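Everything on this sheet refers to the single structure shown next.
By letter and in written order, the chains are A, B and C; residue numbering begins at 1 in each of them.
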């Protein structure tokens, strides 16, 4: 069964014919070639597929594309403005939080979501806020530092 | 966390800097292997064995082939039937006759999309005859155990080493300690599952886009496996999501290649995460028996070691890892008499291989736990025991390893100071403890490299003064490209942002041994440094001519070339580069360079010989609190002091320490591949738990810089030492806290409670 | 294989109509889909129609009526439940439990109804078809005659109740409203769980769980989620404890250890009577529960940990007199 999906991805209005069982992740990566969003596990555990759907961070591997009908999806590609990094991305880079970078998009969008809900999180709240994304390279230390930098806290 | 300070007087080297490609990664713009899309690309999937040991009677692929959208279905018959392997010759691209572990590759499919490929797998019918299987290496050596590869007792290889006379030395010892350990099989959990894209051109040349730590060595192995001349194989290394040792040679790449050959189209193959758990290359599990004799003044007299490691269903690098476990720690302390035996044994389990530490991590857990017990027995401070026996700058170890620089003592000093070691050891707070562990490692391994060892680089100075660096190693996210760029920028006297580092492409790049054995910075760094020096020489020759000066009188700073003592006589670097192009028929300035270490292949029998140009050391201290009701361990604090020779980039170095400690904590306390009859019961992140931000203690990292004579600007490596000491530091802290000694990883709450209960009795 | 169709409806009656249009078991209800979609991919469940409930506004509403109680629409997300002002204030253990689930990403989608009805889980069941093929006789996965967790059992399934909000809802004496074309049912939440890993919930194929109804809270309780690691791991067990009020009404509910939420009734009685020490009460609770040994811990370990954690909770009650609203 296929349905026409009309939604916004970053700044663009999109209209696509999607299969009802297609995930948002597959539509973004395979159909729209927005490969910034990654697949790490397909089960909502690693968080590398995180996008912002209607203002809330979600695992796009566990989101059907049709759940975004009439809505808005923010991917990592939509966070920066051309060559200008979003402040979260800037802080992330400067703090040394990038190593292999595979979790960076998911992590940065998680931080985006966290700061929307809690602009000045303390260390515990930061850890709770990013726990949905697995990082294997950094031990999370410099990620936490990045959040502190951009939120002016810590 | 305070902003990091630059650690040297150099302009670029020694400065804490974000990775030069951090922007691309943070933008989500970096193309990882599993992101690549080529025109007409197909998607591959592998059909894997559900049995740990079985004969393949019949495979029927007809239904799969008939499915619309399927372009190829292959079995062993479709591959060159040449046994090959990175070290042994017990691999086949797809299983012939027998499968030897759950997950063994039996057949494969290429289809127009992932879903069709998966559907096709279900249509392949395989008839198996189950065979008796064996899952433990000790069991596998028994006479009644089924033979997995027709090797007597299933032994892949044996390692023997003797020095001096251990029996005599034990007699002379004041105290003889013995203990047995088990280190668990754990999954690297790199974030991007194993993946590759293969492409083929009209002439049959294969291009592999690989997440690989060893682009050039891989090519050699694959040429053999595919029965192709080396020139027909090209390996390109895009961005990839971590490796930690796991991403060396793998059948997944070869299977994709064969599918490309059969279809004439590019093929992308990515392991679904569950399959990556089942058929990745986890850490070699080991049984370790140690017996150590010591004098009451702490002098180590003798060590007797027995190691048994499980190779899994075929040998990847497990035998080298067992060998390393057997004898690398011998160059941490001043050992005198040794008797060592190591066995690597086939089992019907997933093939095991490299994981940060490479056998030295496993043995370090055992040795450093034992050193702790010895310290207690002779009434000596554990830190003091290490300092007494630790190798120092200028020492030559019992195996002839030349310790060009050792910061071990300084690491111990600084770590104990930062952690308030003395006070905390003395105060006996209930269920709180502090423990210490040290490690050594190599920065390169001549024994692993075989035909040669060295590093090389190619530095191209473009017309606009933009510099492009080619190397043959591999950046898996650790920051290698950045370190290379810093070295080149320093050498050339230009700003860092003028330097770019190219993807490794075996058509162009030098033959690099690759990133393993913590060799990247030292070998690759020396290689690109030599290349930059040569490019610099050419630039200065040109500039000298343009300035009518002598090349020896010229200096380059911040992209300006000037005469020493007469700085008004100067030229922009870019101007010289451009002029060079004009004068030489359009040829850019290209410097190639290489560095060959003064190391040797160890004697095959005696194992004697200096295998690495430099040896990093470290000291870790963990502080814990144990809940004696539930057995939970709470990590309060962690200090990691590392001898890195020189930190080319303190920020990326610290990042490596953070990551290594986190992985070590996971191994020590949390991670466990639960298996039953060769089957992994928890092949996902829900049930195989890696550390999250709430599991990790505050950490202080300390960089010690003895400046190694062989490293580029004195640098050694950091990758593996960052993990080696962690499990022992934690185990020793637990012992200090509650007086129970756990010698089996992982240290779970249940094991702690059992041990506490036993202690009460 | 034909994929399912996705139906987003706007009202409960529309939803019931969709159910009526199809044979039983062809329609699956979706809240956040964070478990359902995984099970669908693992081929543990299949359906022709996926009925999306989050598009029904009335199903996401959270309504407090003074002195009467709280009605939570089953499609309210765990994030909404965790952060709702009145829930945080008056039913803090429910808010805490909702907040303890997984990650922000999951909580932004997963619903309270979904968490409550979360299908029973087992290491031998929640796996891919490839993996499960090696355990052919599991009662739940393949209609066989064996259980790999409790091999000696002759019948029944021991897959675990795993939704973290279940414990607090039982302790808070919630009711669930089930709606179908045949009418409405209001069930005590304890009776919603049938005590078997396969015949798990008293939820008919044509019914929709629409509301969770909580009585006006008299005493704030405590929720503890015990897991060896702080990360995403499913709990080894949860404790939902409500102290007595005027000598009665205490609740000690242990979740995630059996195929239903367990009440330690004898311990509750001891707690009501307040005649023995908290360590005795905790020990009684730990001992009276029918526990199973598995990977997350042997029975002995679980009993010890339950006792330790429960004792901690009860000590707090004793030191600060019961918090009343």
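Operating definition for what follows: a contact is a pair of C-beta atoms (placed from the backbone, for glycine too) under 8 Å apart; a residue touches a chain by one contact, two chains touch by 3 or more.
A quick note: this is a predicted structure, and the numbers were derived from the prediction, not measured.
Asks: Compute the centre of every chain as the mean of its C-alpha atoms, then state which one is farthest from the centre of chain B.
Replies: Relative to chain B, the chain whose C-alpha centre sits farthest away is C.
Asks: Whose C-alpha centre lies nearest the centre of all protein C-alpha atoms?
Replies: B
Asks: Distance-wise, how many Å sit between the C-alpha centres of chain A and chain B, to the nearest whole number?
Replies: 29
Asks: Just the number, please: Cα centre separation of chain B and chain C in whole Å.
Replies: 43
Asks: Can you list every residue of chain B that touches 2 or more other chains, as numbers and ranges?
Replies: Counting only residues that touch two or more other chains, chain B contributes 685-686, 690-692, 694.
Asks: Find every residue in chain A that makes contact with two or more other chains and list them.
Replies: In chain A, the residues touching two or more other chains are 42-43, 45, 128, 131.
Asks: For chain C, write out the residues touching at least two other chains, lowest number first.
Replies: 230-232
Asks: Applying the document's contact rule, which stretches of chain C touch chain B when the two form their complex?
Replies: Those residues of chain C that touch chain B are 1, 123-124, 127-128, 130-131, 133-134, 226, 228-234, 295, 297-298, 301, 304-305, 307-309.
Asks: Flag every residue of chain B that touches chain A in the complex, lowest number first.
Replies: Per the stated touch rule, the residues are 1, 16, 18-19, 21-32, 34-35, 37, 113, 188-193, 239-242, 244, 270, 272-273, 476-479, 651-652, 654-655, 658-659, 661-663, 684-686, 690-694, 696, 699.
Asks: In the complex formed with chain A, which residues of chain C make contact?
Replies: Going by the criterion above, the answer is residues 2-6, 8, 32-34, 37-38, 41, 50, 52, 54, 79, 102-106, 108-109, 230-232.
Asks: For a test of understanding, state which residues of chain B touch chain C in their complex under the given definition.
Replies: Of all residues in chain B, those touching chain C are 48, 50-51, 102, 119, 274, 627, 629-632, 669-670, 674, 679, 681-683, 685-687, 689-692, 694-695, 748-750, 753.
Asks: What does chain A use to touch chain C in their complex?
Replies: 1, 3, 19-21, 23, 42-45, 47, 50, 53, 56-59, 62-64, 66-67, 69, 110, 113-114, 128-129, 131-133
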